[in-house]
Structure formats: C-alpha cells, structure tokens
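Handing you a structure now.
By letter and in written order, the chains are A, B and C; residue numbering begins at 1 in each of them.
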Amino acid sequence: MAIKRHYDREFVRTFFTSPTAVEGGDDSAKMIRSAAQLQGMKAPDVWVPDNEDATAPSMRDEGVENLIEVVSEYGADFPGEIHPRIVWHREDSSTRYQGFQHMLEIADPENGAIEHIDGFVIPEVGDIDDWKKADEFFTIIEDEHGLEKGSLSMSVIVESGEAELALGDLREEIGKPSNNLERLFMLVDGEVDYTKDMRAMTPTGSLPPWSELRHNTSRGASAAALIAVDGPYDDIRDIEGYHERMEDNRAKGMIGIWSLTPGQVVEANKAPLPPKTGSWLLETGDDEVELREEDGRQIYDGDEISLEETGDGYVLRVGTDERELDEEELHEELLAMTSYVPSMNDIVDSMEEFEAAKEAGQGAIAMTQSTTLAIGDVEVTIEKDRMWDEATYQAAQTPVTLFQDVYEHRSDQHEELEEMYGSDVVDRATNVGN
Amino acid sequence: MAIKRHYDREFVRTFFTSPTAVEGGDDSAKMIRSAAQLQGMKAPDVWVPDNEDATAPSMRDEGVENLIEVVSEYGADFPGEIHPRIVWHREDSSTRYQGFQHMLEIADPENGAIEHIDGFVIPEVGDIDDWKKADEFFTIIEDEHGLEKGSLSMSVIVESGEAELALGDLREEIGKPSNNLERLFMLVDGEVDYTKDMRAMTPTGSLPPWSELRHNTSRGASAAALIAVDGPYDDIRDIEGYHERMEDNRAKGMIGIWSLTPGQVVEANKAPLPPKTGSWLLETGDDEVELREEDGRQIYDGDEISLEETGDGYVLRVGTDERELDEEELHEELLAMTSYVPSMNDIVDSMEEFEAAKEAGQGAIAMTQSTTLAIGDVEVTIEKDRMWDEATYQAAQTPVTLFQDVYEHRSDQHEELEEMYGSDVVDRATNVGN
Amino acid sequence: MAIKRHYDREFVRTFFTSPTAVEGGDDSAKMIRSAAQLQGMKAPDVWVPDNEDATAPSMRDEGVENLIEVVSEYGADFPGEIHPRIVWHREDSSTRYQGFQHMLEIADPENGAIEHIDGFVIPEVGDIDDWKKADEFFTIIEDEHGLEKGSLSMSVIVESGEAELALGDLREEIGKPSNNLERLFMLVDGEVDYTKDMRAMTPTGSLPPWSELRHNTSRGASAAALIAVDGPYDDIRDIEGYHERMEDNRAKGMIGIWSLTPGQVVEANKAPLPPKTGSWLLETGDDEVELREEDGRQIYDGDEISLEETGDGYVLRVGTDERELDEEELHEELLAMTSYVPSMNDIVDSMEEFEAAKEAGQGAIAMTQSTTLAIGDVEVTIEKDRMWDEATYQAAQTPVTLFQDVYEHRSDQHEELEEMYGSDVVDRATNVGN
C-alpha cells in the first residue's frame, strides 16, 4: 500500500511569509493585517504569519497576540491555508519550549484563531528525533485543546545538514506507532540559514545554488507523499531570476516556492500553470529563443542564426559555424534545433487523444506537432513526432493535476483562470484524466 | 572482504528493450523475433524482451507466449545476455502477482526458454523491502523449477523516490541471511516514470537531467558491486545528444545505457571504447573543438581564436579577448587551453610503460605528450606532462578493463573490434594489466 | 545539545601532502625535510607527511623512520598541525595491520615525534564499520603509549562509494559508547581513487567534477561538526583552475583543499580570506567581469557591452542584443547586471552596523552599496540595497570566523595578514562578532 497523503492539497505553489510583528507600537500588526486580506492570484496557497525571523526577538509575544487577533478577524475569508511559523531550534531547548507555548496559545479555541489555522511551520529542525519532539508538542496541543488528533499539520524548514539527512529517513519513520508524523505537510528549504550552517561562502554573499539539497528535499517529499517548497528568493526585483529558479525547481519536482512579497506570490501562483498559447523554441548555440508567430509561421528575428538558399541546397549559420546542407539534412537539423512548449489546450488535447486510443485498445500513439519556420527569407515546414504511451501520458498529466488541484481549492482564482485560459479550456482541463 | 560480483559481466554497455507483443494478430512477435537475431555491434550486451511498458496491458499473456517461443528458438545463438522485463508495481500487489506468474511460466524448463535466460528485470520497485518481495519470488521459482539457487539474476528499474533511497541500503542488505539479493545485477534508471513520480515538469515535456539520481545509482552500484545503467534516450534521431548523454554518464561511472533501437545499440556499444586515434582538443571560450591533424601538426580551423606573431611576441585572441604574450607566456597559455584524448594504443602504451617502471622499483613516472599546434600562420610546439602513480594507472585502466570484458564475452564482436583497432592493438589491449 | 567539535581548529584551508620517502638512498627524506620547515603563508594548516601513495610501497618502513626523524627535529617549530598519512585499505587486512604497526611506531613517545603530531590520516576507508576498525587501533595506540584517550585525531580519505555512503551515518555513529569516533577531524575527498572505484571515465583522463560527492562530504562534515577538504588538483600549473575549484568548493561549504606543492599552499591559504579591496562585477551575457576602478568610478573596458545616450533615452547592447531604455529602466537593468564583492573591511563594517542596530532593538536594517558605473562615455550611479537580518548577519560572519580561526592559530601568518589588510582592519576583524 502506498503512503497516503493525509492532507487536502496535492500541490502548493506559494508559501508566503509576512511578519506578525514589526517594531513600533501601532504599526505592529499592519503587515500581517494586509497579508490576511489578499485574494485571488495575490493570495498564496499557504500563508505563513511569521513569528520567527521576520519578527524581532523582543516582539514575539506581541507577535502571537497580533497573529491571534488578525487570524480571528480575517481567517474565515482567507482563500488559502494558514500555517503560522513559530520559533524552534534544534540546539536550544528554551527556544523549543517557547515555540510550544506560542503554539499552545495560538491553538486555544477560546482565542478564536485555531478554527482558521491548518498547521504550524517549525523552522531550524535537526535530526528526525528533533522533528519528533515538535510532533509530540502538536499531539499534546491537540489533546489539551480537544482538537482532533492529527488535525494540525506540521511543516518544517530544512536549514541544516542534519535536517537534510533526515529527509532520507522520513518514509520509514512516518507511521511508526510512537509518533504522529503523518501530520507532516511541507518540506521547505531555508537556504540562508542552511548556507550559514554549512559554512558556505560566495564572493558577493549571494546564495549558492544548493542543487543537491533541493533534489533531496523533492525526493524526500515524493517518497513520503509530502510537498517540497523552495526557500526565499532574496532579490525581489529580479522577476526573471525568480522565474528561472522556479523553472529549475519544477524540473526537480519542487513545485512550491517561498514568496516574500504579494508581487512574488502572483508570479509563483502563475508560473507552474501551462501557458495559454503554445510556442516554439529555437536553439541558438548555447541559448534558446522563443520564436514570434505571424500568420501561422514561426519567425526568427535574431542574428545568431541565418539561413540562405543556394542553387543546390542551403547554408545554415549558427554563430560562426556555417554548414552546407541539402533539403533533408536541413530538415533534420531544424528538427533537432526546435522544440515546442505546449499550451494547456495542447496538453488537454493530447491527453484526450491518448485516452481515446487506449479505450480503442492501443498502447502507444504518435503525437505530431507541425509548423513553418521562417529564418531570413527561407521558410521550412517541420513535423515533430512524439510517441505517447502510458508513462508519457502520466508524466504529461502533472501540470493538469496541478491545475485541477488549484481549481478545486482556490475558487477565488476561478475568475483569473478563466480570463487566462478562456472558460472552454478551463472546463476541459478540470475534467480530463478523471 | 570486498563484496563480490556474483555474475559474469563486469560492464554492460547496452540494455536493449524490444516489445514481446504488439497489437494485432500475426505481427505480434515480429519485433521480438528480429531483436533475437541481432549479432555483433548491433547486438546488445543485455537484451530485454519487454512484457511491461512496450507491450499493451491486454497483450501481456500473449507476450509471455511470444517470449518463450522466440527465446527457445533463437536464444542459443544470441550473443548477449537475455533478461526479460515482466510487470511489477510497488503499489499494486495484483501486478506483482501477475509478474510472478509470468516469470514462473517463462522459467518452466519444459518451455525451453529458461536455459537461455540469465535473469529478469523488475520495473517500478519501491523500498528495499519491495525488492525483497521480488527476490523471494525468484527463490521460489528456482525451487519450483529445480534451478540452481541464485542462478537467476535480478535487475531493477529505479523510477521512484523510494527506490532511489533504497540504493543507499543495498550494500548492507545484500548478504543478509533471509534474502538472496546477491542475485542483483543491474540498477537501471527509468527517468520517464521517475519524472512522473517526482511530479517534475519542464516547459517542453522533455526529461529533466536528473544528475543526482544518476550519481546515486552509480554510487549504489559501485558500493554493492553491481552495474549502473541509464534510462532511455527518447529522441532516437539525435545521435549527438545520445553521445553527450553517454559521455556525461561515463563521468559518473554509469557505463551502460538503455537503447530503444538497434541503431542506438551500435552507438552505445562503441561509445565507451577508447578511440582508434588520439586527438587534441582546444578550448575556445566556453567550448572545446577537436583539432585537425595534418602532417603531424594539429590545425585549428575556426575563427574563435587567432594568433599572430608581432616583432617582440605574440597576440592571442580568444573571442573578443586579446592578449599580448611573450613566448613563454604563450606556451603556458596554450598548454592550459589544450588537452589530449588518448587512443586505445596510447593507453596501452602508458600502462605498459608504468608497469615496467614499477617492476624497476619506481612509484611514479612522468608521461609526456607533445605536438605542434598550428593557429593561423603560427606554429607552436607544446609538451604536456602527467605524473602517473599507482592510482593514475588504475584509473586509466578502466577503459581497458571494459574492453577486456567485452572481448571475453562478445566473440561476435571480435571482427568489428579488429577492424576498428587493428589486430595488434587488440592483442596488446587484451593482455595488458593482467 | 549540538554535536561538539573535539578539536581546536574550526577551519582547515590547506591539507598539504609531502612524501616521507622518495626513491634512492641519501635523498630519501629530502622532501619531507623541506616541507617540515615551511612557515607563514607557505605553511599549511595541516601538513600530511605521506607514507601512502606518495611513498613507493617498498620504501614505507624507511618512510616511517624518516617521518619520525624529521618530525622530531622540526615538529616543535612547525606552525600548523601534523597528521601523517599511513597505509590502509578497506579490502585488505594486511594493509590495515601494516598501517596499525606504522602508527604504533610513530606514536611511541620514545621516538620523540608524537608530541608534535595531532593525528593520523586514514586513506581508502570503506563502510562506517571499517572506520571503526581504524578508530579501535587509535584507541589501542593511546593505551599502549599512555597517551590521553581521544588525543589523536583521525581523518579519513573518502575514495569509494561505500565511504561516501558512510558520510550519512557519521552523526548517529559518533558518540556511541563502543567507539571513540569523536576523534574524527577531517573528511577529505580523494577523487583519483574515487574515480577508479566508481569506474568513471572521461575522454582525456581528467577527473570528473564529482559535485555530489563534494556536497555529501560537506554535509556530512556539517552534520557531525567535522571539516570537509577537497582532493588534489592535479594540474599544478593551472592557478586559475585551482582558484575556480576552490570558489566552487566554498559555495558548497567545503573550505579546505589538498595542496600538492608549497605554491598551491599559498594560493589555498589566501583564497578563502575576503579581499583587501571590494570590487564590482558586471554580467556580460554568460560571463562576469570585474570592473576597473578609477577616480571612484567603476569602468567597463570590454566590448561585450556598450551603452549610448540618445536624445530621449539610452541604447544598451549586451552581445548582439540591443535594447532602448529610459533612465529608470536603464537603472533597473544595470542594478540587475552588477554585483559587489565586499572587502574584509566592508564585511566588518556591516557586521558592526548590524550589531549596533540589534542593540538598539532593530531586527533588520538595509545596507546600501553605491557606485558610479562608466560604460563607454555614459556614467550611471546605482545603489544596491540589501536587507540584513540575524540570518544574513550570521551567514556573512563565516569569512570573519574563518579569519579569526586563522589569526588565533597561525601567529606565523600575522605579519602577512597585516601586510595584506593593514593592522587596523586586522584588529577590527579579530574583535567583531565576539
């Protein structure tokens, strides 16, 4: 029997932290208050009122009060899940005890916040035994406050070597009779503190890429039916960099990412959804550019590549590399240099086509994508075939399953999704594959 | 005591799947029949008649029949090993039971196929405990059919996060008294299903690189004296891409690769063998180009780099970066920019030279490679030294050991190997290092 | 409670091996004798008289004698730690026993060397159980020779798949009552033998990058409070390559590197220290160049990028990509393309500023770095902000902690450090953060 997910969401795109307290009297709950009222694409899948790093150490009791007040007031209307981050440290029992007390306070039903709260986020965890200490506090809190056992989910921030190692133990530890680790929900990388813990250095102080950490987090999540979330992207003005990071993460199976601002939330909510319109990419040496569509042709506007017809063939130049090709060679070469980014509509089409073929008893079918490329004055029509079998079908289904998960849980985003795709595509995408 | 290999081959270059059944009556065994008759470089080291993904679910019983018929008929003459893939799934016991029944049928000596079969391939394994379930079925089958205990080898396809984690447990699980996991042979990555299991996405639907998976598979194989094999390379027309993937794999210690077509088999059989002729590489900014030999000089034909003699020195341009250098600086710079790809003959020469030095009591000797570079009108002679000690010797030996393994087990490839290298080099390469 | 470091150094920059014996009578201790007398930046943090690979098998008993003689004579004045490497192999008990005998001899107080020796380096280890065999020998040696229990530190060379796997077990094995693995000190990668063990191959015979191994070593060190050291960089003339390797290592938290020559020691001792002077980097397509300072402006001299003022804005060209930008867009773009490498002085400044802010009750402050860029005839002033919180502060502290560790333990380098930074910066850097 497979490990079962014990929570509602299959995907989390956005993990948005906002401070529960800032310095200075009247303003102290301002940022958490405005975060609590976000809606639609600006609202995250998971909102994390943050009583750890985003709140000054001296303000953390006040942070708990603010959190309770704001979540009580706005929690019912908040469209995503709410998972406050409390304080914790694998190497400091008094911090752990403070975290426990804060959770106990927040979870007190008399305070009116807990009915809107889905779980807590535990930062700075260590070995799996440290995770169990937190889990035990969740269990006590559920007992004390008469909450259903296991109803509070637990997410952790992986920001130490030992926590990374613990990711390999999760699958066999979850479900042991003396813990309730089935409550685990998100595995979130915290690269700033991880960098410190690993004593890593870069010349500019920018974060190292930490590819292996992200792989191990994603794998741990996959093996234990949890959700992997990447850490914060510090340079909040660098939208392109944020998108590249998310694309790299998705190729690792890490769909979620931390957002530091509502602007980042919007980007991160939209990024994993397939595009409205398909597009063709052309490799130009080390890079890849998106071609421009015009009258059904895909036009290359750059000057890295040129193509000329000669009397008896073609001359294709890529950078400084020139080659003479006959028609068939040119065709092969262009086929190898192009790739197609399918739209949501394309994916749904292909899935439906494969489903029909399967029903008719076929195990594999060829999907064809054709277009006319225009490079300089030369036009060439190419056809890309891809064999689809059950495995291809299931791998292609991931973005659709993600879309369906979003559609099911985020009715506040329906309008924007319909604007984005049109209601016909939304309808088909919500139904395909079920 | 080191973990011992329990099987004959030390290296597997090619893992070739062909369907045991396709849709439609008379043709149903056509592809498996033609695969069974491959010889020489077209024949794989391991042939995998595939009754899983390559055979439609409704055709799998017929697939078993086809497999038995074809292996009985052609198996005696097939030059590689034969390892049918049957159905299995870590999350579905009825699939596992079906796989067991198919193996039991195929292994029945009365059916005449098992004497030509070396083992089975188990796809979609999970935790190490799931691997043990399959191992137990192998043991039962050996008992039932009076086969020698442990005579059937077991290979697995790693296509889930939990199977990747199991790669770290193999070394301590193999050899425990209640399993027969010494029968393990190949650890094969299956990136399509792995991508699905990890819920990874790329814009074009192409497979992510999964570097860490391949490292972990190779390391697991190394630690448990098994053989690591990379998954299928979908784009069967992209020969260059297939070669780059194999080169990247070899740098990870993963020598074997899945082949989907006899054309891919030829490429993958030849790729890990050292070249007939040595060659010089020149770094040109981010790339590296192979120089062209003419009259003993190595000639650079590109225009990324230029070199000119001035009155009192040289001007070396790489891309847009120009530098004035004196003779010694130029020499140093060109030394750093060049590298040499040794031929099979070069490797054998160096090994013999080191062996002689060792016999004479020397622990380390310098190996020198010299050539004349021609860039534009300027010619420069360089000498590259490399210190060889025992460790260098042993690392350099890997391609030779591979060659010797191939030569020992694949007499059907002797002729092609002699055409490729000449019989003198083949003779010396089969004898060196023993 | 966190795992405690059981040794004095927090960082090791240089792990310098020199042969304890070379071939031929009178010269046999020459190289070890000259290594023993290194001082200042030429002297490593850890000096490893090498009785394994650098000494011919037939010379190893003589090597032990040389080692004892030289360490007895020069050890008292050697400024770094001394950790001889003896022979060991996970798959050969007679080699292990020989290593034990050599250590027993070297550690005999009557021989006068052990008082200057900090530990031993064990190559070719296997599973954690193999590490425990070595640890047991250390314990016996301490007993036999009346040395304090645990006083001899043990470092290992990771050069097999099983040793890499053992890196994941360290944290839970250290401190078990039946071993003394708290004596562990350095985890050193040995990529030449590792490459052989993994059966990896590259066309030129150069070493694969082994990114995952280095990550796993660094993580294992971080989780068990040990020190990670990268293996040898063979091409001793390629200073730039050595620096790139070290920069890549530092981004993985692996600060130390093997040095094969006193020249490499100097480079490796200086590399992790922050620069004397800050500098600005500009991205030029795929590369990054350091700008040249002149009269307070940062000047770009290359031709990859050009910037021109037009009547109503700017034209910025990067490679072949030209864009028209207004003043604000240009500003944003240049902000994204630049980064700043802080000097030691900058880091100390920022730390002091943050400490003052924290004392005044602030949790986070913005640090600003501004400069004027000159590209062609156009000058643009930019300001880079970075938010500093406790986590940023602690991550930024790593190079300063490293500096302080060096300063505390290497009084022979004080003069060079003061020449490098000036005594004022040295003073402030030794005191900040404590």
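Everything below uses one rule, namely that a contact is a pair of C-beta atoms (placed from the backbone, for glycine too) under 8 Å apart; a residue touches a chain by one contact, two chains touch by 3 or more.
Keep in mind that what you see is a predicted model, and the values were worked out from it rather than measured.
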Practice prompt. Considering only which chains touch which, label the overall pattern as line, ring, star, complete or other.
Written response: complete
Worksheet entry | Copies chain A and chain B touch via same or different residues, half shared test | different
Worksheet item: How many degrees of rotation map chain A onto its copy chain C on CA atoms, rounded to the nearest 5?
Response: 120
Worksheet item: In angstrom, rounded to a whole number, how far apart do the mean CA points of chain A and chain B lie?
Response: 34
Worksheet item: Multi-chain contacts in chain B: which residues touch at least two other chains?
Response: 168, 211-212, 286
Discussion item. For a test of understanding, state which residues of chain B touch chain C in their complex under the given definition.
Written reply: 1-2, 11, 168, 171-172, 211-212, 215-216, 218-223, 247, 250-253, 255, 272, 281, 286, 320, 332, 335-336, 339-342, 361-363, 386-387, 389-392, 394-399, 401
Fill in: Residues of chain B that touch chain A when the two form their complex
23, 53, 55-59, 90-91, 127, 160-162, 164-165, 168, 192-193, 195-206, 208-209, 211-213, 234-235, 237-238, 240-241, 286, 302-304
